[in-house]
Each structure stands twice: as C-alpha cells, then as structure tokens.
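Look for chain A in each of the two complexes below; its partner is chain B in the first and chain C in the second.
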Partner chain A sequence: MSPIGKPIVDARGINKSFNTAHVLKNVDLKVNAGEVVCIVGPSGSGKSTFLRLINGLEDIDGGQIEVGETTLPGAPKELLSVRRNVGMVFQNFNLFPHLTVLENLTLSPRRTGRMNRSGAENKARELLKRVGISEQSSKYPSQLSGGQQQRVAIARALAMEPQILLFDEPTSALDPENVNEVLNVMKELASSGITMIVVTHEMGFAREVADRIVFMADGQLLVDASPSQFFEHVEDERLRSFLSKIL
Partner chain B sequence: MNSDWSILYQYRYEILGGLWTTIALVGLALVSGYIVGALACCGKLMRTGPLYWLSTFYINTFRALPETVLVFWIYFCGPFIFTAAPSAWQTGVISMSLVAGAYFAEIARAGIQSVSRGQWEAARAVGLSEFWVWIDVIIPQAVRAMLPSSALLVTQLVKMSGLVSAIGVTELIYQAQTLGSLSFRYFEFFTAVAVLYFILIFPFSMASRFIEAHMRQQIG
Partner chain C sequence: MLASKKALRQSLPWSYIISTVIALAVIATVLNFVNFKAIAALDFTVVYQYRYTFLWAIGTTLGITSTAIVIGLIVGIVLAVLIIQGPRPVRMVVTAYVEIWRNTPLIVQLFWVHFAMPVVTGVNTTALQSGLIAMTMQSAAYLTDIARTGILAVPKGQYEAAEALGLPTWSKWVDIILPQALRIVIPPLATIAVGFFKASAILSLLSVGELMTQTKNIATYTHKPIEVMTFVGLVYWALGYSFGSLAYKLEDILGSDQRARR
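Right after this comes the complex of A and B.
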C-alpha cells in the first residue's frame, strides 16, 4: 500500500505479563500506512492485549511501539497524543450510556479543542451518515440494537480523525443477524485507505479485506502472510490446527 | 378517649420550629457529610497509603458506632477533647455530619466502582485526559448510580435526627415530648410528629425507588 517511508505502527520486541502469566513474548509487528492487518488466533493468545498496548490501555513491560511520530512507553502527554491519533472499537461497544449518540461522537473533538461545537456536530452527522445511522443521532445507546451501537462506536472512533483504527473483536458480542452490517461498514473503511488493525474471528472478512493476516498463539506472533498465502501455503502446525478447528 | 386537635394549632409555632430544626440539622449534616464523604471516598480509592488507612478507619468506625453512643460521647466527652464544650446543637450537627460522611463515602465509592472498566477504557481511548475522563464519563454515571442510596441516606438522617432530642436539641421529638408533658396531650403531639416525619421521609424513599426502577429500564 505504501511501499516507501517508515511504518505507521512499529512494534519491536514486545513483552507483557499479567502477574505470572507471560502473555506476549517478543512480538514484532510493522504496519504500513493504509494497510489492513487482521490478527487471528485462539483465545488467550495475547492478540487483544497486543492491540491494547498500541494505544496504551495496557502498559508495555518490555520493548517499544512507535505509533506515528510517538514512541510508547512514554509520558502521559505522549500517551494522549497517541490516543488522539488512534481510534479504538471495542468488543462490547463501550458507548457512553449517559450521552446521546451525537454527544458520544462530539465529546472528544470538543474537549480536546480539536473542533468547536458546530464543527464537531457537522463532522458527527457526516460520520453517522457514513455508518448508516443518521436517523438515530438524538437517541441514547440503550435504544439501539447491538449492530447499531457498534456502528456508532466506529463513528465515534473516527470522530477524532485518527490515522489508525484498532478493532478488538468488533463482532464477537453481536447477534448473528447484526454481524454483517458492522462488517460492511468495516469493509467500506478498509477501502477508504485508513490503517486498520483488526483482532477478529471472522475469517471470511480477513480473507476478503486484509492485506496481511497475522496468526498469534501462546503470546507469540507465528505467521505474518498475505491472505492467499495464509490460507493455502503456510505449514505452521499450530496455524493448521487452528484453521482446521474454525473453518 | 377525647382528643383535642386544636391544641396543635395553639402550639403551631413550637411544632413548626421543631420541624425547621429537624430540617436544618439534616440539611447541614447532608452538606458537610457530602464534603467529608467525598474526601473519605477519595482516600479509600487510593487503595494504599496513610490517607487510605485514615479513610478506612473513619468509615468503619462511624458506620459501626451506634448513633446514640456517638451523640452522647461527643456531648459529654467533647469537653475533654475540645477546648470548649460543644452545645447540643453543635453536637447534633457534628455527630450527624460524621455519620452522614461515613455512609456517603461508601455510597460514592460504590457508585464510582459501578462504572464499568470499559467506560474508563473508552474514555481514554477517545483521547480524553484523566481529568475529563472523570468529569465527562465517570462522575455522571457514578452520580446516577448513587442517587437511590443517597435518597435513602436522607431518610436515615431524618430518623437519626430524633436522637439528638436526648441532649436537648429542640427538634420535632423534643418539642412533642415537651409540649406533651406540659399539656398531657401526648397523643395529639406525637401523632402530628409522626405525620410530619412521614411527609419528610416518604418523598425520598419514593424517589429512591422511582430512580432505581427508571435506571434499570435505561440500562436494560
């Protein structure tokens, strides 16, 4: 996608432990601007934890991650600048239940002084239209279906105009009939050229949309390949066993 | 039994004075209790260090002590500690504030901890600084969660305020007792006081229940 220049996310030698559990072991990953990278693997393999290190929701124990111009671990100020450049979509949506859909989107742009009220609201309406829920802007999250909530969450992540979007199993908490509406929004985003790192179990989505698929197991990054290689040519034993279980 | 309700009208100023004293006691205890309680809650949320231990000690002590003991203790033992003896009114305000603070600290802590981890993460992930995470996301949700038990705290304090009649604060019960003994019309006065307490307390317990039902609906 962007063959020249340095990667927009560059993680080197990442280690992370929770108490005695060593959940990430020397993970390296480079992501170029505009790339869509899907991270797959069995549960407990550390993929969500890795994602959460990229915007500082967890502290890095060893190694470092360059995100855009900033390096983590860093001071609180650097953490803020990373987070304002990185949008995140959670498995459980985590919309702010006491705010309307529109306020969910405008909160951060206004508080961080990035936009004034009318600017933030215009941007928010535009994003809601893009994810197909412009009718719901004055509702509260609890009045929406899971799929709608997740699309609002995607719009909220976009409201800060980030360069990078992180998705942490964005369809895992959805009812089956709501999965596709979210995946379709994500496909549209992927084709728009924003950098995306997606932890997912949706292999069809990964195959269709990803530029690269990364396989993690036991805290290690074992395979990093294009979708066609990933599904057909990789000999890694654990990947084969994983694929045979879920495909 | 012949009752004479006109006596209530005759002593209306004394009764209303008692009602006002009760309301003032509870109001003052609530305001200072919220301040003390918020501080103790902050201490408690630190999870370690001297302020944590101080807050924990305070909260546990004043929730465990019978209010009656506290009132008498401050009134009769206060002179040994403070340079001047606290008046009955001061004793009432101090003891009720301390109790209100201890209960409110726990209400506030529970409210803050009821906000899910995902809310903290989402607020941070959209790039809010810690200050605005608290102001925009955590506190509004915590306050909502605190409303039902805060309303119940008001009812508890109204009931507790009756205890300070024992040291001579001229609130409702004290007035009823005094007027009753003067006129031998206990029935009329205590019935009136019961009705007044009910009018004071009932709206708050209803509000508590209403808010709780409403919240359950909203959260789904």
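Right after this comes the complex of A and C.
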C-alpha cells in the first residue's frame, strides 16, 4: 500500500492517437489506494483505451502515468513490474482455452517465479472458492457459462496478488442472467479494499459501489465526482444527455 | 418452389438411368482393354521373397520423413516467430530463405546439397545426409509459413491476457500462443507430412537406400517391375492414409477440450 496522500495511480496529461484519430486529449486522473473508480461514457469516448494505457497494453503518446512506484512510459522491465502489480479483467474474458481453470490461475504465479506449483494451486483453489466456482477447477473454459468464465478471469487476475485491478466492461459480453453473479463478486472485491478502476455501463453498480465516478466523452475527462453528486448535482450538458439516454 | 420439386422428381429417374448406362459403358470399355492373362501371370511372391529388404527400406523412408518433419517443424516455428516479431533485416533473410526453398523443386535442392555444396564449401556429405538436409530445409521452409498462419490465427486477446498477467515472453509463446497455433495447423501439417513422405521417393535418384531406391533395385533384379511398383504404391498409400486419419484423430482429441459440451 502506498502512503496516504500519494495516489497509487497518477495519470497526467495523457494523450493518445490512433493514426489520425485523437482518442485521448490531456486526460488527468488520480486514484488513491483502496478507491473504486468507475469510468463511464459513450462508446468511442476513449475510456477503454485509457484503461489499457495503465498497464501498458497500449503505448502512451504524451504525458505519463505513475503506477505504484513505477512510471510509464518506461523500459520493458518497468512495464513488466507494472503488469505484475496490476490485474486486468477483459470484456471477452480472454481465458486460455487450452488450459484448465486451475492452470489458468496458476500459470502466471508459477512462471513469474512468485510461487511454486503447490503454493500456486492452493492459492488458486482459495480464489476459486472466493468467486464461487471451486467445483469447476479441472474443467476447460469452454465448459463454463459466460458468468463463470468471467469469474475465473477475475480469480486469474487476483492470483498475481495485484494492488490494482482494472476491469474493461466486464459484464458487456454476458447474457443478462449472468451479469449479477459477476457484479456481486466485484462488489465483494470492492469492499475488501483493493484498488479498482472499472470501465462499465452498469450505472447501478457504479452508484452503489464506486467511491468516484468519472465521465469521459470525446477523449476528454469531463466529470469526476462522488456517486451522489454525479447523478444529481453535476450540470455538464454532455453528462446530462448521456444519463438521459441510458437511465 | 412446388413446381421445381415436381420437376426434380420427374427428372430423377432419367438422370439415374443415363448415369448408370454411362458408368456401365465406361467399365465395359475398360474391361475390354484389360488383358486378364497378363494379370493372372503377375507374381507377387517376389514381395514376400524380399520382405526384409522392403521392411528395412520402409523404416528408412519413415525415419527420413519424420526427421525432416520434426526438425523442420522446430526450425519452422522459430523462423515463424522471427518473421512475425524479429527485426527487419532478420525478417528479410528468413523470408528469402522460405521463398527460395519453398519455390524450387526438391530434386534441384538435392543436387545443390549433394553436388554443388562440396564444390563451393568443400564439405562432403553422404547420399543419406544430402537427402536429409535437402528434405529438412524444404520442410522447414513450408512449415515456417504454416506456423506463421497458425500463430496469426490465435486471437489478439490471448496475447493481451498473457501480457497483462506479466508472463515472461518465452512463457507467452511456449505456454499460450504456440500450443493454440499448433492445434490450428494440425490439418495442413498432416498434408505437408504426407506430401514429404511421398516426395522422399525422389531421394532414390541419389540411391539413398529408402523405399524407392530399394524398390527400383528389386524391380531391376527380379524383372518384375509391375508387381514391385504396385506393391510399393499400396505401401505408400496405406502409410499415408493411416497417417492422415491419425492426424484427424489427434485434431479431435486436442480440440475436444476447447469445444463446448453443454
């Protein structure tokens, strides 16, 4: 845990372009340790791209992000240390289809030399129990429902014992009946004190769980407020029109 | 819709009759040309007589083919990774190698290795070594391309998940990308393997001692080329066919863990 007062994620003046499209324009965001921050906004607003910059899945074009003790953009070694400290949950789960659930969880702790086989397996079983799928550990991802797969993906991210968890629209690819089981796991995580940055369209979840909600549109960060302020007191025109469309 | 179905039903007997008549006519014509006396005079005991020679030769052919495929596959995977993410000069060299060895006949390569290489480099190789080198170099060229397409077929999300988990680069390739890529390329890999198995017959030009070399020797020695060649054709077919079926089985077994069973 970083000392109080120093944010665990500190993004300053972030710019990012894909060819001619300027998708992030001078974005600043500070996240303190233990905070849950939800990023919302219309599609194409740059929120997923911003999330992917935090663990170096995309390169930063301008500005820098301090993640824990490390600064991006950085050397490959620094990038690796950021990634081992930041877990990521993808929209499409991205589980390894040729490995069992248990192997999906143990691969990274073992390959990074963090744990031996039995240590990693114990940890994995504990995490699978925590996300409520301890019976499925020897199955392959394709044998699970979407909600179960996403819970495995969350457990896989936790297996590296990260300080920060990133969620990129974790429920957008799920059937409606599977959304809540994933959100419930995320709520439990949020209350456990881990730092979470969540790109989502689930406004109910954001309102209930987030410490802060951030609104992005056209590559800019327009609103950064507590849930109660966000839904009732912010008078940003684009936020109002966004909320009126989805609520 | 209804009308066309009716028309189909009516036309069915006619097409059936016509095709049967044509088939019978073809068979009759072919049989008319067959010299049954000559067939009856064929003497396949020669196969039994030289069974040990044949067995040894089959073993040699299988050995050469599997060596060429296994080494070629390993080299091919490494070269494919280099083509995909190596520095530009390396990519150019690898691409040049692949395009040269893939697009020239094996027989020419065989002569390069066996006759040109000693002149140019002073390194002499036996016929068997030359055959192995030429086959391996060509299979590596083919398999580089196949491995490359397999690797590119693995979804981008798999790379991202591996990177987001902080896996070391070697683990990303060995644990995540290559196992999935290899499953994807099992069918074309099997086709290439059977192709090389048959192409190994060209090595008989250097009298390497594999199946076709011995077949030609036995055919000449016994004056029974029809029997010997026909038998060997059957052997190539049986081995090639079994290998192909095996590959499909393998694909089935390896694919089953990824297929939904719900």
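Methods note: the second predicted complex is superposed on the first by the 244 of 247 C-alpha atoms of A that agree within 3 Å, B and C clash if a C-alpha of one lies under 4 Å from a C-alpha of the other, contacts with A are read in each partner's own complex, and residues count from 1 in each chain.
Heads up, the rule we're going with is that contacts are C-beta pairs under 8 Å (C-beta built on N, C-alpha and C of every residue); 3 or more make two chains touch, one makes a residue touch a chain.
These figures come from a predicted structure and were not determined experimentally.
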Give one word, clash or fit, describing how chain B and chain C relate on chain A after superposing. clash
Using the touch definition from the top, say if A:203 reaches chain B (first), chain C (second), both or neither. neither
Taking the superposition as given, does A:80 touch the first partner, chain B, the second, chain C, both, or neither? both
In the superposed arrangement, does A:156 touch chain B (first), chain C (second), both or neither? both
Taking the superposition as given, does A:40 touch the first partner, chain B, the second, chain C, both, or neither? neither
For A:108 in the superposed arrangement: first (chain B), second (chain C), both or neither? both
Chain B and chain C contact sites that coincide on chain A, given as residue numbers: 55-57, 80, 83-84, 86-88, 90, 92, 94-98, 107-108, 111-112, 140, 142, 156-157, 160
Note which residues of chain A are touching chain B in the complex, please. 55-57, 76, 80, 83-84, 86-88, 90, 92, 94-98, 107-108, 111-112, 140, 142, 156-157, 159-160
Which residues of chain B touch chain A in the complex? 116, 118-119, 121-130, 132, 136-137, 140-141, 144, 218-220
What residues on chain C touch chain A, complex-wise? 155, 157-158, 160-161, 163-168, 171, 175-176, 179-180, 183, 257-262
What residues of chain A sit close enough to touch chain C in their complex? 55-57, 80-81, 83-84, 86-88, 90, 92, 94-99, 107-108, 111-112, 140, 142-143, 145, 156-157, 160
